[in-house]
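Below you'll find a set of structures to go through.
You will see two complexes here that share subunit A, one where it goes with subunit B and one where it goes with subunit C.
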Partner chain A sequence: MTSASKKRESLLRNNALQTILGSLLCIVIGLLVGYVVLLIINPSGAADAILAILKNFMYYPSAVASMKYFGTTLVKASALLMCSLSVLFAWKVGLFNIGAAGQYVIGAGACIYCGIKFGLPWYVCLLAGIVAAALVGGISGALKAYFNVNEVISCIMLNWIGLYSVNMLLSKVKEQSTPYTKPLSSVNKSALLPNAGLDTLFSNNQFVTIGLPLAVAMAIIVWIVLEKTKFGYELKATGMNKNAAKYCGMKEKRNIIITMMISGGLAGLGAGIFYLTGIEQWMVQQTSIPGMGFNGIAAAFLGGSNPIGVIFSSYFIQHITSGGSYVDKTVYCSQISDLISAFIIYLCGFVLFFKIWINRFLDKRDERQAAKELKGGEE
Partner chain B sequence: MDNYAIEMLNITKRFPGIIANDNITLQLKKGEIHALLGENGAGKSTLMSVLFGLYQPEEGEIHKDGRKVVINNPNDANELGIGMVHQHFKLVECFSVLDNIILGVETTKNGFLQKGEARKKVLDLSEKYGLSVDPDALIEDITVGMQQRTEILKMLYRDNEILIFDEPTAVLTPQEIQELMTIMKNLASEGKSILFITHKLGEIMQVADRCSVLRKGKYIGTVDIKDTTPEKLSSMMVGRDVNFIVDKKECKPGEVVLDIENMTVASKRHKNNAVNGVSLQVRRGEIVCIAGIDGNGQTEFVYGLSGLEPLKGGKIVLNGQDVTNSSIRKRLTSGMSHIPEDRHKHGLVLDYSLEDNLVLQRYFEPEFTNKFGFLKRKAIREYANKLIDQYDVRSGQGPITKARSMSGGNQQKAIVAREIDKNPELLIAVQPTRGLDVGAIENVHKELVAQRDAGKGVLLVSLELDEVMNVSDRILVMYEGEIVGEFDPKTVTVEELGLYMAGSKRKEVNTND
Partner chain C sequence: MLLLIQYTLIFASVLILVALGGCFSEHSGVINIGLEGIMVMGALGGALTMKYLPGSMAAPLVILLVILASVLVGMIFSLLLGVAAIKFNADQTLVGTALNLLGPAISVVLVRAINTAESADNVSSAVAYGQTKKAFLANIGQFEFNWFMLISFLVLVVSYIVLYKTKFGLRLCACGEHPQAADSVGINVYKMRYAGVLISGALGGLGGLVYITAGVSEWKFENGVAGFGFLALAVMIFGQWKPVNIGLAALLFGLFRALSNVYTGFDTLVALKIPSTVYNMLPYIISLIVLVFVSKKSRAPKAEGIPYDKGQR
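What follows is the complex of A and B.
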């Protein structure tokens, strides 16, 4: 074996690289499948539609406009990043937090209500969102720890409880003529997250706030907590083998509850850094849970359940989701962008398959190589 | 070439960096019981995987009845009449015995199962070979011994001629082992050829006709059992002489380190208590052994003692401190070490690296965690390397090896290293040599004795009578959750112990007052 091929091989064995390659492959396959579906629906606009989705904000010819919409995509991506961190954190501890969506809703409700009703400043609102969402996550955790209730079931039920409770709560602070909550920019400016000059980078997009760097910082903090600290060591041990965790004296029940609370808190923070920019008002009549939390699941897996990886996967998923709105609506119906992103998200599961395949392939190759070498040596 | 049922000739199988099988020849005669002996990692599993077509050898041939055959996958092996009872059974828990036996080879008529014929064939087979099973019982309800008989019937139902038993006695009670030995002899006398993979020399001496020995991937030789001794076999296997009698000095019991009064633990399986009013003491400098047949409350007793299960009643005093209601962590930091019965369930986080597993009991100490809650990775690595050297824990990549990818013997070594290095006052060792080879067993026994000689109390729970007799200074027999006898290993016989273990004799012992 030459040293060059040895180097190439050890690179291919690298887990992170495998995840990246796998994710890229999924994206390509997803786009291809989407393209084929578009061809079937209406062949004439298919290429344009795919390009529009991929281009997203680059649709605008002027640099100023495209920077502005790039900023908007980033704001949404940062909320998505928090949701995928929420899913990822629980996943590392062996729990599937499908309740990130509901915790996100609760977080949104708490921070909007605090902002409008009590006129509190942004940091208190943000904290309220985090605490409320953490408590809801904690409910699922406690049910799991003490009564062995599957967290998926309790989370799904809490998602709906959360949605309708928040609708009810926020009806008290909605505008009189519309079903939307009062805009924070007119009722309580202090509840809006500070821009800290970031807006100027994005053609004065006022929604670009400190939420953006905060989300990235949270990803790094989650990584550090999981990989470098005693706390993360305990949590992961509990997730991988709760019997062994109990055997060596870890408080496995407490760990499950804390995990779900942190997971919920992360989703709540995501809601905070989204709604406290004033980018959207809550629609109190909505009957479906915002997709942010569910997309977070996809982003977590597309990112190889790595806190740094999900920074990129969250951005990508938000990029194509936002890009969908530029598809020519006269040719395709408006759901088409969701469909394409759904294909890609669906294929995210193949990242794992890809890893298994490539490892099997490498093993086979090594075996042959070793056999050849030994034979050569004997002769 | 006349009488061989299957021959594996000059098999060589290489993996990157290692030759798993180096020119190995194994010839199985028709109607013989042929033992395959070797330490953990000697290449037995690889050889069997070659036989089942899971691996293709680089060199060598397989012959069946003198003709060359090519085995590409397990289905080919099945068609050649090769069947295997795996160490971990491959049974569907919620299916009946009969359903498990016919699984995969069901006879159907118009898409409906024809179980009548199958039942008759199974009953005939079970009568012919003395394999008593209830065809309608669910797997989850029957004993391990019966599950194993189901596995054997599975092979017979498929008319397999070559039967491979992979460490079949590791999970059985002494009585069940004797039954299995009889069954194997019956099968051989009916013309089946048996390949018997094991570590246990006593069983080889008892049933096998011939024995082939592997060591570190190499073929050492094949011997006739009637011409050999256990000592010869073990030195062939390990490559040096093995001391069967544990070397130990006179026991000098000191002060009491563990005092249990009237411990009662509820059972999860039935309404009676799993542990019923057990009182015992362990002193410094002695090895107290709890002997008994599996399922007589030993597991629950240890759970109660270590805090994994709550007590229903009683009192535990560890090193002068009442720990009856203490948390597990409190007990472990008050001088208790625990080598658990099930190393996969409790002993290891299999997806953690070896180094992370080695600090599982100590990661929170200032030595490994700084005051901000960050792990000291460098200290952990150094500590792991120290234990790996000291206790000869072997693994592919050293401290960063995933525990899951290590051999069972080395996993156990890692646990023993971790628990002993904690420098406990009381060491609880539950079946510490389960599934280990002779060399590794010798090491574990040495460590236990060393702990004793260092003035620690050792509480050994074991199902192996040899181990009980060899290692302990005092034997307590547990039967149906109660201590039914206390013995001195120097004066008691195995037969006498057996009577107490089976519940046919008991004496009142060990009243603390």
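What follows is the complex of A and C.
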């Protein structure tokens, strides 16, 4: 047995590598399924359409334009990153925060309202968004901790309550003739996040702001809190076994509520760094919840529920979501990317099985090799 | 008033069907969070069948075919959950959520593809079925009777009998309470769980069909089913996983849902000057409050959500 093969084997046993392999497999299969669906709808343009999704901003031939749209994709990806951090944080503590979507909506409502109605500067608006979203997350947490209400169901209810409330709140600051809220850039410039020179990197895309580095910094902070602090350890212990945590003297109820509050706050921050760039105005007649929070679930699991991993997976999910708008609209529709990312979430459910399967395969190979070596020794 | 009763009954029918679906799945030990997505898919199957059936067809045949289509689509879609959760031990909440996102995505993509193929300018995600839908309705004076009200009631009765009076039902419940014990007396836990998930798929799909035919004559698939699958789960929890209680809980929730459709018909409610958005929120708020009171002493099947592992003690 050579030392090289031994090394390769230990690499395959590496948990992180297995996660990455699993995620890549999810992506490949997800894209294949998307391709098959496109083929079924119309075989002639399917290859072009899937390429358009993958190319996204590279669709533009000029470097200036594609850089600009790269910036826009990054801005959306940063909001998505916050949502997936929100899902991930709760997941690490054993809670499934499907309410990230609703918390995102509440955060958006709070920061837009503060910006337009009260003319507050951006940092106050951002804070308002975080606090409002954290409170909504806290409601789910408290219901779970004190009344044993399944957090998935309470989160869904709060998603809808949040959407209708925000629609009601923001109709007070909407434009006269359209169902959209007044643009921040004309009503209150101080509510816009500062660019700090980042816009010049992306062909003067004014939506690229400090939100971008902020989101990446938050991912690193979440990683540090979860992996390197006593607080994070306590939270994770509560998630693994509530009763054992209680037995060790941890306040398990408080931990659940705090987790959901942090989780909500992260989603709220995501809404803040998106809407406070002025990239989009809120449509007050929305009847469906913005998909950002749900895509956050996809990104969180595709990233192997690792805060650093989700930086990449969020970007990927946003990349194909934005890419969906470049497909040939006369034949296909942009929701094909939603289908792909939904299917990727589904496949993520199999990653655990995939890991077990790899390990079993490696074990068997080891056994066979060991048996062979034993035989060789006897001869 | 008559209108309120009519809407209450039809929304209650949806909730009964879907909640019973959830009930079967959870009694077998699989949490079905994906009911929302299953509803959308069932609705899609039904809506497309209604769209393509000739208007001249006899009403009973139309009813049968449409129901069959939505039940079948619902069952096939629920198999995605079944295979992942039972065969591959996947996380049931995660897979269920994936179904909830997949359902609307698939239906929007398909419906828009069909619409744009018919005429290039049509980019809507709506399916119109106004004419065929009439097969389900029968007017009794002012009251618009919908055959689904009767069907849901029958399903409720049958579910009660199946769950409590048949060998199959009792075995199903055993798999959700203590699968190892069930296995030790020769029950195939995997088969039972597949049965539970498939039944939930059938009922969820049917529920989706009833939901989109309640009141409107075309359905925009972008909107999915607006959290109704989750309301049904709340109904199921409120009903403590028991068919009769589920029926009563569904009536209560149906009433609040119906209010948002018809509150303008009541002078006292209009006089209160509450914005219509509040009525839209009402079912969700009520279900949160109800959940607070009933979740503490939950009678959920004990082994639900835990993948069955033969080797485990």
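Observations on the structure shown:
Here is the rule we use: the second predicted complex is superposed on the first by the 366 of 379 C-alpha atoms of A that agree within 3 Å, B and C clash if a C-alpha of one lies under 4 Å from a C-alpha of the other, contacts with A are read in each partner's own complex, and residues count from 1 in each chain.
The definition used in the following text is that a contact is a pair of C-beta atoms (placed from the backbone, for glycine too) under 8 Å apart; a residue touches a chain by one contact, two chains touch by 3 or more.
Since the structure is predicted, the reported quantities are computational estimates derived from the model, not experimental observations.
After superposition onto subunit A, the partners subunit B and subunit C occupy overlapping space and clash. When subunit A is checked against subunit B and against subunit C, the one touching more of its residues turns out to be C. Once the two complexes are overlaid on the shared chain, A:237 sits against subunit B while remaining clear of subunit C.
Of the two partner chains, subunit B is the only one that A:367 touches; subunit C does not reach it.
Legend: residue contacts after superposition of the two complexes on their common chain; A:247 is shown touching subunit B, with no touch to subunit C.
Mapped onto the common chain A, subunit B and subunit C collide along 92-100, the only clashing stretch among 92-100, 110-118 or 308-316.
Taken in their complex, subunit C has these residues touching subunit A: 33, 80, 84, 88-91, 93-95, 97-99, 101-102, 104-106, 108-110, 112-113, 116, 120, 123, 125, 222-224, 226-227, 230, 233-234, 237, 275, 277-278, 280-281, 284-285, 287-288, 291-293, 295-296, 298.
Those residues of subunit A whose C-beta lies close enough to touch subunit B in the complex are 228-231, 233-234, 236-237, 240-241, 243-251, 366-367, 369-371, 374-375. Looking at the complex, you find that subunit A touches subunit C at residues 37, 41-42, 96, 98, 143, 147-150, 152-154, 156-161, 164-165, 167-168, 287-288, 294, 297-298, 301, 329-333, 335-336, 338-339, 341-343, 345-346, 348-350, 352-353.
Of all the residues in subunit B, the ones that touch subunit A in their complex are 14-17, 19, 58, 306, 308, 327-333, 338, 340, 345-352, 356, 360-361, 363-364, 369, 373-375, 377.
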